[in-house]
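A, B and C are the chain letters, set down in written order, and residue numbers restart from 1 in every chain.
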């Protein structure tokens, strides 16, 4: 009876479900600059969970996360805007790697490495045209990591 | 006695309070571009809660969330800066809707659709001059949704 | 035996650890504009915790948070980019304080006041070159607050 009282108050599986779930994605950019779609991986990560918050975090100083429409020209438009706002020339103090790499280190002024997306019943609460993308302006890396965390609510 | 031991360890109401609370706001922009104050709605949403995190998320590819001072000229300044940084001309590949709409799809490079605000004892921990606002540069919609989520901590 | 069953299902210390931990940092900027490293304070704040999310929030309308490499020239590069993108001239409607202060109120278009960083086993999951910094372009204040919150997961 003591056990069943416990079971009534909460069940341990449910409590367990409150632990943060974590995963490290590896994005093979092949040294290509640009936007890399993470939406499918994020959807799979939260699938089967309930409600909560998805944290997407890029542990790199020269990459960010953006939530935007992909695949209808805006990818190219965003990359062009980035190169216009942060020109890849020799104005930067920080100089190493490829020409213009100093600009990559200023990216966090515009695109942060972190975004939080609500999850409802195991599904990302994204709008119809929203995708989650890694923005990697830096061609000096072949591979990038992205950390996913799900906080059940 | 078993029950009272349980009650001592935690109480079920408190555990229940740990579930994420959710709400969908509808902002009637009436096809007007600009900033829309969400602060009052966010305050009401967390009122009566304890400590935790408020997640504000805009499920639209052409709108964002900013936390800023409203009502003392900076609204207009921010809108002017946006139009200067992302000019509403025909440079964009993504073309549909009103002239300059391609710029709206690049907005996520600057203003993300998500912000997280700490909540202390049912009150937003905003600074004196901070408001939470929807930034909608896109006049092609009459109505926007904003998703609020409160994760108790 | 009832107690030991309880202890098996969860322990109250662990449950207690699920409460949000909070701290207010005071950054003495001495009226200096620029970037102020918060990484050490954030590390100390989450040290000894388990997994979860760190929320860093700046309760000021004219300051933001950035996650970037510090100390290798990029600090200066980012400040120069900010002054180029949001020039400190008299174009702004919002005018008070030091010359160019109107630009500070537009900062939230670029750098939000909030970032969320995953914590794994009491350590920030930052990349090798990432630091968490307060970005304060406003020289009119001697002191700034930063709110840290840790949501255990």
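The working rule: a contact is a pair of C-beta atoms (placed from the backbone, for glycine too) under 8 Å apart; a residue touches a chain by one contact, two chains touch by 3 or more.
Everything numeric here is computed off the predicted structure, so don't read it as measured data.
Viewed as a network of touching protein chains, the structure reduces to a complete graph with every chain in contact with every other.
The two sequence copies subunit A and subunit C touch through a face in which the numbers common to both fall below half of the numbers used overall. Centre-to-centre spacing of subunit A and subunit C amounts to 18 Å, using the average Cα coordinate of each chain. Under the contact definition stated at the top, the residues of subunit C that touch 2 or more other chains are 2, 6, 18, 53, 85, 110, 112, 116, 151-152.
Put simply, subunit B touches subunit A in their complex at residues 2-3, 6, 12, 15, 18-20, 22, 53, 55, 57-62, 85-86, 91-95, 102, 105-106, 108-110, 112-114, 116, 145, 147, 149, 151-152.
By the touch rule above, subunit B contacts subunit C in their complex via residues 1-2, 5-6, 9-10, 18, 51-53, 66-69, 72-74, 76-78, 80-82, 85, 110-112, 115-118, 120, 125-127, 129-130, 135, 151-153.
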